[in-house]
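Take this structure, written in structure tokens, and hold onto it; I'll ask about it next.
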Amino acid sequence: MAGNSIGTQFRLTSFGESHGEGLGGIIDGMPSGVAVDLDFIQDELNRRRPGQSAIVTQRKEGDRIEILSGVFEGKTTGTPLAFLIRNENQKSKDYSHIKDTYRPSHADYTYDQKYGIRDYRGGGRSSARETVARVVAGAFAKLFLKEEGISFTAFVHQIGHLKLTKAYAELDLAKAETNVVRCPDPELAVEMENFVKEVRKDGNTVGGAIQCVIQGLPAGLGEPVFDKLHADLGKAMLSINAVKGFEYGSGFDAVTMKGSEHNDTFNSDFSTQTNHSGGVQGGISNGEDIYFNVAFKPVATLMQKQHTVNVEGKTVEMEGKGRHDPCVVPRAVVIVEAMAAITIMDHFLRAKSYQ
Amino acid sequence: MAGNSIGTQFRLTSFGESHGEGLGGIIDGMPSGVAVDLDFIQDELNRRRPGQSAIVTQRKEGDRIEILSGVFEGKTTGTPLAFLIRNENQKSKDYSHIKDTYRPSHADYTYDQKYGIRDYRGGGRSSARETVARVVAGAFAKLFLKEEGISFTAFVHQIGHLKLTKAYAELDLAKAETNVVRCPDPELAVEMENFVKEVRKDGNTVGGAIQCVIQGLPAGLGEPVFDKLHADLGKAMLSINAVKGFEYGSGFDAVTMKGSEHNDTFNSDFSTQTNHSGGVQGGISNGEDIYFNVAFKPVATLMQKQHTVNVEGKTVEMEGKGRHDPCVVPRAVVIVEAMAAITIMDHFLRAKSYQ
Amino acid sequence: MAGNSIGTQFRLTSFGESHGEGLGGIIDGMPSGVAVDLDFIQDELNRRRPGQSAIVTQRKEGDRIEILSGVFEGKTTGTPLAFLIRNENQKSKDYSHIKDTYRPSHADYTYDQKYGIRDYRGGGRSSARETVARVVAGAFAKLFLKEEGISFTAFVHQIGHLKLTKAYAELDLAKAETNVVRCPDPELAVEMENFVKEVRKDGNTVGGAIQCVIQGLPAGLGEPVFDKLHADLGKAMLSINAVKGFEYGSGFDAVTMKGSEHNDTFNSDFSTQTNHSGGVQGGISNGEDIYFNVAFKPVATLMQKQHTVNVEGKTVEMEGKGRHDPCVVPRAVVIVEAMAAITIMDHFLRAKSYQ
Amino acid sequence: MAGNSIGTQFRLTSFGESHGEGLGGIIDGMPSGVAVDLDFIQDELNRRRPGQSAIVTQRKEGDRIEILSGVFEGKTTGTPLAFLIRNENQKSKDYSHIKDTYRPSHADYTYDQKYGIRDYRGGGRSSARETVARVVAGAFAKLFLKEEGISFTAFVHQIGHLKLTKAYAELDLAKAETNVVRCPDPELAVEMENFVKEVRKDGNTVGGAIQCVIQGLPAGLGEPVFDKLHADLGKAMLSINAVKGFEYGSGFDAVTMKGSEHNDTFNSDFSTQTNHSGGVQGGISNGEDIYFNVAFKPVATLMQKQHTVNVEGKTVEMEGKGRHDPCVVPRAVVIVEAMAAITIMDHFLRAKSYQ
């Protein structure tokens, strides 16, 4: 229970460090007979890839996937899908300066406390580079769920003070993928892009929020007590690096609402007139869209001088080296989708046991 | 994987329906040799008990616990702790009017979609009465963790528009248990109480938020990838009935922050000067307080007329019967603490495997 | 992971001690809509019940089941089935003499080593009385699987040197339930009964073996690597008190066989001419009967004087008190069937995820 | 729950097919700070490697391990250990003749029933080549447990009618590794070798048995109910390809024994004078040696003509091609040890949670 697996019936176990041989994982529980669209999987990886635009980290990684098992003549066989993405552009010497230093708001100190040893190169296992495995598993889940008419669309909802004000239903979400920020409002996207560039110029970083919409889900998915559908989605999102909060449907706005405002009245086909519930009632999907927001903190590595301590508790001055994102949300969009797809896939397969 | 269990090394499996024989659970993984303070456990149950004040449901339940196994001569033996709380004050006929009706924003429709059958009396398994088992497991976890110096303190942070503005460190949290609302600011508590009474008079309900602080936790607990400490806390909270959101540390406020503001600078003893991190770095505790907020929606059952549909999709008019809370947060405080204690207990025992 | 649960999609968690309040469990994952035949469940319990004949323990227990949850209007609802069997005939003072003594080949010493505390009354949790919960879960599994045409038939295959020589296909297995020994050969059954009485007269005990046949299983159940169908059956059997060995199909006889003898030739309908495979190939059912043998050691409690040590390591003399079986296999038949049904039920539900 | 993982606190997830890119796995839960002795790991792989002697399959595989993660500066970091062994000597065209044929007593038919698709090359995932991953995980477990004084020694106990008659305590077990058969009695080993050669000359195969001894285990490991130490060992062994039976301690011999013979009398230091219990009481280790036997069936692939059916059920004649073992036990010795080490490692870490 060392926590490197997620899911039950569809389970990803991931491995790898930022500056080790590579990263990857094993997907156990992928149904057989699914055509493996490698181009789609690679496209998904490219949405997360470093170096894809001027506002993300400039580390050069091809992030080429090698599938090691579980595919025969282009189709999944039902056996484990193992995959590997080799690291190509490690610059480990960029990190020698932090070997004995605990960077503020990084996991250096906590890893040392837990393990007594730490691969300090690029944060080792604590690097967000680990999420590459999630994107692959999410892509496999999407391949299967697409056939069931289920789609996942995430986009940047907020960066710093710049926030989308329209509801997702009023927007053309496809536009999110037409700009480097991944915001479906093109004008706001430009503002966001300029803001991120400004922040980066200062050697600073900034937080952001992503919204995700799941559409086409049938009613009846999810387990009603501890493994509520939204609880598993929440855990999946909170397990992504830098995430600080999760809300679905009305979310934190529900706190100030009255029941008479919040209740979603049924239509005669059991759809609802409003969707404050966010597509889930009692932990089980009701057939409406599921939508949720995910809050990301600003990246902890700054290109500014900071004071911190070394492993002996002595104050030292440090300044970020290496290649870092000034704001993670543009690249995190596909990770949010992937974690959503992994979670829904798991519950989709679990639900089949009852039908 | 029907989802009625939570935890790995310390695991609660719960059972029961609102109007069945009773509710209870089995705790597997409780360490041996712990003195079982039954008064403490009953006190915790009393904090959740219906009928405890004028602003909560008036259902009369003693919520008396019977421990069925796992205790010998007053101490835990390391074998499963099974417990039972019998229902005493079922008024199932209060629910005959909803037998064929789907109440808005309840789980009636989704249970029917999932199971094809539904115990409609009081919501059956979907009732928040299920949380009684969580409180018991939380109490056992607290008994163990108290010896380790770890404490859990939750309190009402917001009801409707009435919100605590001070940080928890500036408040005397013990005062929360001195008023029926469970807010540590006595003046605000009075306002909140009056507000809830007003809402109830209208036959309406209102949302709220709870904050929880975990203190005394050592550094090094939590698993770094999927089972991040805050991800498991988030899932535990989101699994509580009516919860719509979870944030820890800086939470959603992090979205608008810069890295230079957000980073927590180390002191020479590895404590930090600020705690935007909320006590967790990279999914692992760093020895600072863990604190988080939980958002609750307004109760869906209204004592007002509402339009809804029956199982055939025909529109019907309904009005709540039975006994219901106008606002769940005063009673949910102990549930939040319990879920926090269950989660920390699990990670505490998991961490021992590495030490 | 304290080991009181078995199964994944259909999971039993059991609790209880021999001389505590009672025993029981929670079944999570029972499909909804199954008619609960309480008479059948009670009949199954009666097959395991102490005091049922002259050759078993004379402890008087009604073993009456109370179902606490998960049933509504006579049908399962898909929510957890909790059940309780209260102890009625504890004679705990029979055990005061062993409070400070480690009985040979009992779990007294190992429980003390593991837990540092021990409910010594009747062996506490280590008593085979725990299996009452397995019989209940097995009965629920049988209720479901009967509708799928799947049956479970166990019988006594050997007691001491007295061994069935015919293959199960040549016997009328229904006859097993017509005699107190539960051997389908009535003449051998009489010999076995007399032998057990003789052994008991000496204050001694004797081992035995049970064979179990599973019929009507479709091809395609089981997971091919670690959770092979026969591996899970083996674990389930080895988890029963006093079991020392498990073999399926050709079993240990395969050691001396040539491949040319052992291979099962296919018929044109994919059935096989022989069944050395025991109904499983590569961990997956092939549609033939599954059959296996389970070896039980002689009961460790003797009504003879034995030398042993107390908790300080000093030699003491002891003689069994209490009420014990001279041979466990007649009562264990239904336990073997129950564990087989639990295992098959779990794989049946797991397989549905792929179909 | 597709069954490609084993263990809880120390968990192996394996992947790979006989004629795919390669095989490997992820070990999750390996403690940090363990020196990784790559020579030892490779030596273990060499004990399982094809082509190592004249009496095993002549497939040429270097079975070179590449460790992809979890090691830093020669030590484990506590993060997942991923490893890969590339296939080098696939001769997939050897298998084109079985593309549409179901080989007797192979998993061809059952895989098709389960998955509807089958990688027929060398049996795909059902090949015993999968066990290479188990050997690696076993080697890591041994590296850790060696430091705790725990050792694992398996050896060939029987091939066909040729059986070791001495108890393991009377033998020099180290001699097992001095002959190609891996039997600790050198004279019997010669007989066995000649017998296997004879069998192979006939194009036939033969079964065998392996005994394994675990020494140095402390008392107190194992969970008392479903996850009994011997039940988990049994499952681990039964999950190895071609295994038909498992017995520990007195095993099937217990069936004919009296309690007075079978009971193990305590010494004053709580060791026992005999060890019919096989080192486990009530599912928990008692500090004595654990020993058990594992029965293997004869390999199903014969170099003789056999009748079988094709996927349409038509009778066809076939003869084995490819490179196969006439008897699996010499190569399976290290697999048995590995599965024992994985199981004990898991329980060792689980037990630490209670101490």
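All chains are identified by letter, namely A, B, C and D, in their written order; residue positions are counted from 1 within each chain.
One rule holds in what follows: a contact is a pair of C-beta atoms (placed from the backbone, for glycine too) under 8 Å apart; a residue touches a chain by one contact, two chains touch by 3 or more.
Every value quoted in this text rests on a predicted model; they were computed, and no experiment measured them.
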Intersection of contact partners for chain A and chain C: B, D
Reference chain C; chain at largest CA-centroid distance: A
Which of A-B and B-D has more C-beta contact pairs: A-B
Computed distance of Cα centres, chain C from chain B, in Å: 39
Approximate Å spacing (C-alpha centroids) for the pair chain A, chain B: 27
Inter-chain centre distance, chain B versus chain D - centres from mean C-alpha coordinates, in Å: 46
Residues of chain A whose C-beta touches two or more other chains: 1-5, 8-9, 14, 29, 32, 78-79, 114-115, 125, 224, 350, 354
Pairwise touch network: line, ring, star, complete, or other: complete
Chain C-touching residues of chain B, taken from the complex the two chains share: 1-5, 8-9, 11, 13-17, 20-26, 28-29, 32-33, 66-70, 72, 75, 77-82, 84, 114-119, 124-125
Of chain B, residues touching chain D in the complex: 1, 8-9, 29, 31-32, 78-79, 224, 349-350, 352-355
Sites on chain D touched by chain C in the complex: 1-6, 8-9, 14, 102, 104-107, 109-111, 113-115, 125-126, 130, 158-161, 199, 204-209, 219-228, 230-232, 234-236, 238-239, 241, 244-252, 254-270, 272, 276-278, 280-287, 293, 295-302, 304, 306-309, 313-315, 350-351, 354
